[in-house]
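In structure tokens below, several structures.
Here come two complexes built around subunit A, the first alongside subunit B, the second alongside subunit C.
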Partner chain A sequence: MAQSTVQGVPARIPKGSATVKIFFYTSIFYLLASMVLGLVVALKSVNPEFLTSNRFLQEYFTYGRLRPTHTNTALIGWLTSVYFGVMYYGVPALCKRQLWSEKIGMFTAVLWNINYIAGAISILAGYQTGVEYAELPLLFDIVVVICVGLTFWNLIQTTRHRQEKILYVSMWYWLGSILNLAIVYIIGNLPVAWIGSGSIQMGYYYFYLHNIIGLWFTVVGVGTIYYLLPKLVQRPIYSHKLSLIGFWMIVAFYSWNGPHHLVNGPIPVWLMKAGIIPSILLLIPVWSVLANIIGTMKGVWYKVSQNLALKFLITGALFYGLACIQGPFQSLMGPHAILHFTYWTVGHAHMPLFGGFSFVAFSAVYYMLPRLTYRHIYSRALMNWHYWLSVIGFLIFAFAMWTAGIIQGFEWMDGKQLGSAFLQMLESLHIFLISRAVGGSLMFLGQIAFAWNVWRSVKAGQLVTADDPILVSR
Partner chain B sequence: MANEAEKNPGILLLGAGLLVLLGVMGTVWLPYFDDSVVTPTDTAKIRNYPTDSAEARGKHVYIREGCIWCHSQQVRPVKADSKLGPVTVPGDYYYDKPLTTMTQRTGPDLMWVGTRYSADWQHQHLLNPQKIAGPASIMPKYDYLSEQDRNDLVAYLLSLKPAPQKK
Partner chain C sequence: MANPRDPKTPAPTDTAQTFQTSEEVEPHQDDGHYTVVSDIKVAHGKVPKFLKFVYAALAVWGLYYALAAKPINDRTEASPSAVPTAEAGAEVFSTSCAGCHNPTAERKIGPGLLGVQQRLGDKELDNVLHNGRPDKGMPAPPSLNLTENQIQSLKLYLTSLKK
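Coming up: the complex of A and B.
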């Protein structure tokens, strides 16, 4: 078989990696699924009778089972899969060679998907472990770790046999993140029996809860920003040194942040301090990323209005920055006492994960897809719909949650903590819960535009020409 | 310009791994050496359910049905928790496997719910929250649970109370 099977593309251009394609396409399926699940959860919060017409729906689609399925499908299904796709594309590209083993890559991708779907079904069937973000039962955790290990091995081998001596900074972030993921995932999913007492488990669970975001989603996301930004604006990153400082600061400070979820809670005070201080210090790496982006963009900001992938990327970086201003603020004892346990955290959790890193991932898919399929993105209009529905939907969603959270926090301080007083407070939240569902619906519509656009691009996007710049710059 | 060390993925991975493990040591491992964390309180002993007791099975139902996603079990020394009962300390959770402090309070905190309502109230409330608590409640009906599951769940909920001497 010829190296290239795409008509009109020169034979010297390698075929797009099947591993990357599997990860990208399936991740978009999970993206839509997580949106549907999230929307159902939101509607059940507006009307608990929603989708309870028969016993089957009542049991298997009860709020308490759907919610962890929603978070897992978004985190493990969508964002982790698309990140794998980005790395399976980006690492070989930066090493100027093919993936070390396409076969192992495809095996990993298929195993990953079978495992996640079975895992999600097991949560709906009532086997959730009860540990936030680590709800998958042990069996599926083991397969996740195997897939992470295979990915690590494959990408490390690709790196060892690279044609390019320099390790670009994205390689640092990506390779480091895979190692982080393995460490964080194993610690967070150790069987309860091995960990010991309940009060000890707090350290494990909140380490995991925080660092699956901080050491995995953040690190891959920042590495991806550093990969895409120079490509999209066609100039080098503003400061190489700053990006390395950011890398070391992230791994040094983020790993300490777990206890800040238990501020004012049942942990020793020294442990709270050990969580709060690094949370504040996190402002340093976050600003090093943002400063680097602003430096790189200096003089070429106008390109944001022309290049839609860049528009997604810059918006993602902006939301990431905002989330990381919220984070240290929330970790302080005063704000934490008001905001913890409220809907505020729901709004906050969606900011880095949807507004921030999902946007980075959208940008990556729009950038990489034409370089995999040798077809251009089908419709710029659909990209714009995707962008604006996502941004506006997210803002409605997030402001509804933040406002509801502040109301909850202050009403509790007024004593409405139990019984009928609690319900009175709940009634005042109704309008915000409706707003959340409205915002969520817009977000969902945006993702439909995304999925449709990707589908049409793969099927009917305009073929690249032999002198197309994308054939040169991966 | 890039120096030699920057080209070495081994140094990168070793350094990153060590820094992350430092955080693990500080926040995950060090608590093993804190007496307040590893000493069970009298309250914890109430929650030390024998295997296959109604309460232990009830806790399983509590997690399986995802009650944890709307109900915290943690009372803080802050104004927002002032009416929820005694402040919880690390040792109170000693026998919790897994831990159910959780992160949302869409419904009220359940740390000491056993002191508030009767078994009969709990049963009626699980069957129809809107009828018992009020139409504004957004809790799902748990009328699909088997009789056994519901009995176990209520036994678990009633067991959630502080030890007597803790005022």
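Coming up: the complex of A and C.
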């Protein structure tokens, strides 16, 4: 708990947490890395000859290695790291005290990063489990769980010694989700020898694959929205009851969603229904959260145009809402029969993770960074570039994938599943793959603006003054 | 600091009054318009009627779906062109058969297939299309992942190759 002060800042304000800074800075590195990897995969699908000129590239830059490294770097590297940063910042702030143990926090951050970098190298080198989203070998999984356990312990101790009687909504979401993460991660990464193969194995892994999104990324993201929204608009949260409904319904329904990935597959019908019904009922927590956001924004929507962090947050909430209309829809048996295994899935998967929760995370970084470094964000223009390149790039990317997926799905049903008809159809989709690469490039350019802006803010951002409003509320 | 049960919870301020009209606020034990938790204000707005309707509608739908939904078979019901045709058969031929067979009388790896139906007869052709010729090295078409529908299309196409 360093009490040393920063130049220009009153002595009562302690230095920003180093744990949070490590998590934020490294997460931005992973964000850029995952985007490069994703872009290479996108370009390879436009032109399969891309990056195949020598033996090394042919071995290490194949789809089977690049794609899992891309997803893991985006999910574990970027989004999970930045979420840890948000929680290490937000939990002490809501408890009105410092982090319980900054030392354990920094140890966790360093261990987390060493572990993930080693894990990513291992995936690129071909050592991976071959299970989607859970490709990291067992050794690295164990360290991930240790880091999650340390984080949970640190934050729960912070919460126990808090200076505030009541736990704010975000605290429920954050502390609940970190417990979820440990449970979901352990179940999803059990070695196949312990589980058995076939449909049973898929049942396990899809529990993981969906709930790493549903019980971790979504829950922390919603908690972050609840944290940032009242601070950014300076208004009370609309309804306590709606936040209660949203929290408990997400707990009740989300963990059931795994089997909707196996609909129309070799699983019993009751299991399909047990996956589909809660997927549709998810509209209850999602719409309750959105109603709470809309209620809070009532009368102050004009602030979205003034405050860029708020613009990111509201856009993130909007994409989250759209993803949670699309998701329940495609879990139904009919739409699923058409859309499963197509490019549609790629568009859908990026909507909550990039359009939704990455935007919430961007908003959090823009809000929290000045309160950690006591320097203002360097450039509003760069923030705007970040915003518009990300939004437009994502929309091009996503609509290309959705359109291609619908075409694929219906053509396959028409019998073009194999042979020359399959190839003809594949060739006709080339334009959509090009559009995906164009949209992805715009998204990547946006993130370069983001990274450059953060770098310049930390180095040369305007120092806060003693009477600055950001010193009043964390 | 802001226990809602605490009678000293601050009375609603002017901003709170304009934030929610009294109809929008549901009765709450502190009678104030919002509670302060960790310096963040939490108000007590009503759950919108629209959402209550959504909750009820989803509950009814869930019950209905659990009892009444039937699995779909997308191969026969969702596909409009499930009837075997000679055109589809020609495509299957070009991808799965043309490696060894010519559609003319000329021999490739296997015999040329012009007039094959006349030569073998309907029954024997059917047999070969389902079981191959294990003794001469021809694989059974179902083992090449051809569906029954595709095999029937193939048969129509081969029948059309008359001498």
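What we mean here is this: the second predicted complex is superposed on the first by the 469 of 474 C-alpha atoms of A that agree within 3 Å, B and C clash if a C-alpha of one lies under 4 Å from a C-alpha of the other, contacts with A are read in each partner's own complex, and residues count from 1 in each chain.
Here is the rule we use: contacts are C-beta pairs under 8 Å (C-beta built on N, C-alpha and C of every residue); 3 or more make two chains touch, one makes a residue touch a chain.
Source: prediction; values computed, not measured.
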> Taking the superposition as given, does A:Leu283 touch the first partner, subunit B, the second, subunit C, both, or neither?
Replying inline: second
>> If we overlay the two complexes on their shared chain A, which of subunit B and subunit C does A:Ala291 touch? Say first, second, both or neither.
In response: second
> Which partner does A:Ala466 contact after superposing on A: first (subunit B), second (subunit C), both, neither?
Replying inline: neither
> Just subunit B (first), just subunit C (second), both, or neither: which does A:Met272 touch?
Replying inline: second
> Of subunit B and subunit C, which one touches more residues of subunit A?
Replying inline: B
> First (subunit B), second (subunit C), both or neither: which does A:Pro230 touch?
Replying inline: second
>> With both complexes superposed on chain A, which partner does A:Lys241 reach: first (subunit B), second (subunit C), both or neither?
In response: second
>> So in the superposed three-chain picture, is A:Glu132 touching just subunit B, just subunit C, both, or none of them (first/second/both/neither)?
In response: first
>> According to the stated criteria, A:Leu94 is in contact with first (subunit B), second (subunit C), both, or neither; which is it?
In response: second
> Once the complexes are superposed, what residues of subunit A are shared between the subunit B interface and the subunit C interface?
Replying inline: 165-167, 240, 264, 337-338, 413, 415, 418-420
> Of all residues in subunit A, which touch subunit C in the complex?
Replying inline: 93-96, 164-169, 227, 230-231, 235-243, 245, 264, 269, 272-273, 276-277, 280-281, 283-284, 287-288, 291, 295, 299, 333-334, 337-338, 413-415, 418-421, 473
> Can you name the residues of subunit C that touch subunit A in the complex?
Replying inline: 1-3, 16, 19-20, 26, 33-35, 37-48, 51, 54-55, 58, 61-62, 65-66, 69, 71-72, 74, 78-81, 88, 91-92, 94-96, 145, 149
> Which residues of subunit B touch subunit A in the complex?
Replying inline: 2, 6-9, 12-13, 15-17, 19-24, 26-32, 34, 36-38, 40, 44, 63-70, 72, 74, 76-84, 88-109, 116, 129-130, 133-134, 136-141, 143-144
> If you look only at subunit A, which of its residues touch subunit B in the complex?
Replying inline: 44-48, 52, 55, 58-59, 62-68, 126-132, 156, 159-160, 165-167, 171-172, 175-176, 179-180, 183-184, 187, 192-193, 196-207, 209, 211, 215, 240, 244, 247-248, 251-252, 254-259, 261-262, 264-268, 270-271, 274-275, 278, 337-338, 340-343, 345-346, 408-409, 412-413, 415, 417-420, 422-424, 426-427, 430, 433
